[in-house]
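Each of the next two complexes has subunit A plus one other chain: subunit B in the first, subunit C in the second.
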Partner chain A sequence: MEIKVINSNNTAVFEITGEIDLYNSPQLRQQLTETINKGLKFILLDFSTVKYIDSSGLATLIEGLRKLNKVKGEIKLCCMNKNIRDVFEVSRLEDIFAIYNTREEALNDFKKD
Partner chain B sequence: MNSLFQDDVITISVASNPRFLTLIRCMVFNTALLLKFSEKISREIMLAVDEAITNVIKHSYNQCYEKEIIVSLHLKNDRLEIHIRDYGKKTDPSCIKSRDLNDIKPGGLGVFFIRKIMDHVEYDTSPEEGTLLKLIKYKTDCGPSPAGGHNGD
Partner chain C sequence: MIRIENLIKNFGTRRILDSVTLEVKKGETMVIMGGSGCGKSTLLRHMIGLIRPDSGHIYIKDKDITGMSEHDLNEVRKSYGMLFQNGALLNSLTVGQNVALPLKEHTKLGSEIINIIVKMKLELVGLTGFENLLPSEISGGMKKRVGLARAIAMDPEMVFYDEPGAGLDPITAASIDQLIMDLSNKLGITSIVVTHEMKSAFRIADRMAVLYNGKVVAVGTPDEIRESDHPYVSQFINGLTDGPVPLRRSKDEYLKSLTSGD
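For the complex of A and B:
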């Protein structure tokens, strides 16, 4: 898994490539923690090139969400393929994560908040 | 009609290192496709097996990455049976609970996925060492499991 972080206007965009499982999720956890510790409160995870996620990856996202909630920040997700979206749907995490079809929609919603 | 699969078995033995999860997922997904499960169901079976092995690594082996996990795929005409054998801390089936989806917290989703996806989930703790987890997914065009099935979880 590779994570490229682009910082822009107080928002960090994570471009994630590959699979998020027990092996890779510590890397994502560390990147989220570092970003939040730097004071960035708005994080967008772009799933365009994420092929797979399991419960370890989902747990990492929930941890990130909790950390950001504590500092009144936000995490948004975008550009999931149908297979990934199905995992969020069946686990009902669609209800707690803001999920967008495009990066632009998600970024615009940060600005509106 | 001749049977495509009488009782073919594919077995792989791997170290309990999470880096091998991707390899096992690939094997499970392609085997399910070979058995003519749909791509969607094959992906789900792959997720269930990934979650089961993740639990072995985390709980049976306490994240020790040098133990043995044996995964056997039993190809039947009406189903795919997956056996996951570990030699770690025994699993107490009565303690395995999937979490309430309304209780949003990290953890507990793996068991939820396994039980949601698979038709039969059975933890066999009779071996002297470790646990044998049996997962079964029936092909929908073959009907449900025989009488008494589907209640392993």
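For the complex of A and C:
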């Protein structure tokens, strides 16, 4: 898994490539924590090139969501293929994450003051 | 996903598995059926690497596990979960701690992440909010569901089930069957289920294998098994006393066994 973080206009966009699994989800967790600790409150995860996400990946996103909720920030997800979307659906997480089809839609929907 | 080739196992002079050959395809639910002592649990124990065969091979994801070192076998074991007959929970640990156990043992995930995964798995088996109870405080069916949550904690590709409905009332057994089907349909998990319960077997199976005297005597879809003309298969699925399996041994055989000291 590779993560590229692009900061622009007070938003961090995570471009993730590969599989998010038990072995590398701690890396995603660390990147999310560092970003939130820097004071960035708006995070978009682009799933265009994510092939697979397991429960540890989902749990990492939930932890990020909890942290951002505390500081009135937002986490959004976009560009998932059907398999990834199914994982969110089966785990009943579709309603707690804002999921968008395109990066533009997601970026335009952050409720910044 | 799993390929078993000519598996032979003897316990003493008794042949328990006799040239068993069977294939389990990715994503399917394969039910292994047969009467008590037919070798089905022994076959399951071979598949999870608890017993080594006398000869033959078992390939899991194209790797032969029959000659594997314990270290390599432990790596393969991470790709599957196992639901034991009684749930096999540790009584001194809470429900949540039981589900967390494989994640703590085999991963470097932080405790907050593990706690979230535990909640997700308990939700999948319909036990949200039960994480702080002890096994002694929940019913037998709930214990099975906790065992299942633990079996899928690591997101395995395969789950082995040993008599999942044993000791449960029909409604609870049906709910366990539904969970097995949900995991298979929704998560694409390959399921291998050992059972002698007909209703359950026909409800959940994509394909079934019938074992008799250590041999696979029939493999097929539930419809194909129903229509099988093999005398034992017919006797077994219809629960008949008359057939290849005699209710009692013959009088001569009985008297001989008493007098010969065997």
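The rule is short, and it goes like this: the second predicted complex is superposed on the first by the 110 of 113 C-alpha atoms of A that agree within 3 Å, B and C clash if a C-alpha of one lies under 4 Å from a C-alpha of the other, contacts with A are read in each partner's own complex, and residues count from 1 in each chain.
As a convention for this text, contacts are C-beta pairs under 8 Å (C-beta built on N, C-alpha and C of every residue); 3 or more make two chains touch, one makes a residue touch a chain.
Note that this is a predicted model, so its numbers are computed, not measured.
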Following the superposition defined at the top, how do subunit B and subunit C come out on subunit A, clash or fit? clash
Of the partners subunit B and subunit C, which touch A:6 in the superposed model: first, second, both, neither? neither
After superposition on the shared chain, which partner residues are touched by A:58: those of subunit B (first), subunit C (second), both, or neither? both
If we overlay the two complexes on their shared chain A, which of subunit B and subunit C does A:19 touch? Say first, second, both or neither. first
Looking at A:71 after the superposition, I want to know if it touches subunit B, subunit C, both of them or none. Which is it: first, second, both, neither? neither
Would you sort A:96 into first (subunit B), second (subunit C), both or neither based on which partner it touches? first
Doubly contacted residues of subunit A, that is, touched by subunit B and again by subunit C: 21-23, 54-56, 58-60, 62-63, 86, 90-92
Subunit C contact footprint on subunit A (complex, rising order): 21-23, 25-26, 29, 54-56, 58-60, 62-63, 86, 90-92
Considering the complex alone, what residue numbers of subunit B touch subunit A? 17-19, 21-22, 25, 40, 43, 47, 50-51, 54, 57-58, 101-102, 104-110, 112-113, 116
Residue ranges of subunit A in contact with subunit B within the complex: 19, 21-23, 52, 54-56, 58-60, 62-63, 83, 86-87, 90-93, 96
Subunit C residues touching subunit A - in the complex, by the definition given at the top: 106-110, 112-114, 116-117, 120-121, 123-124, 153-155, 186-187
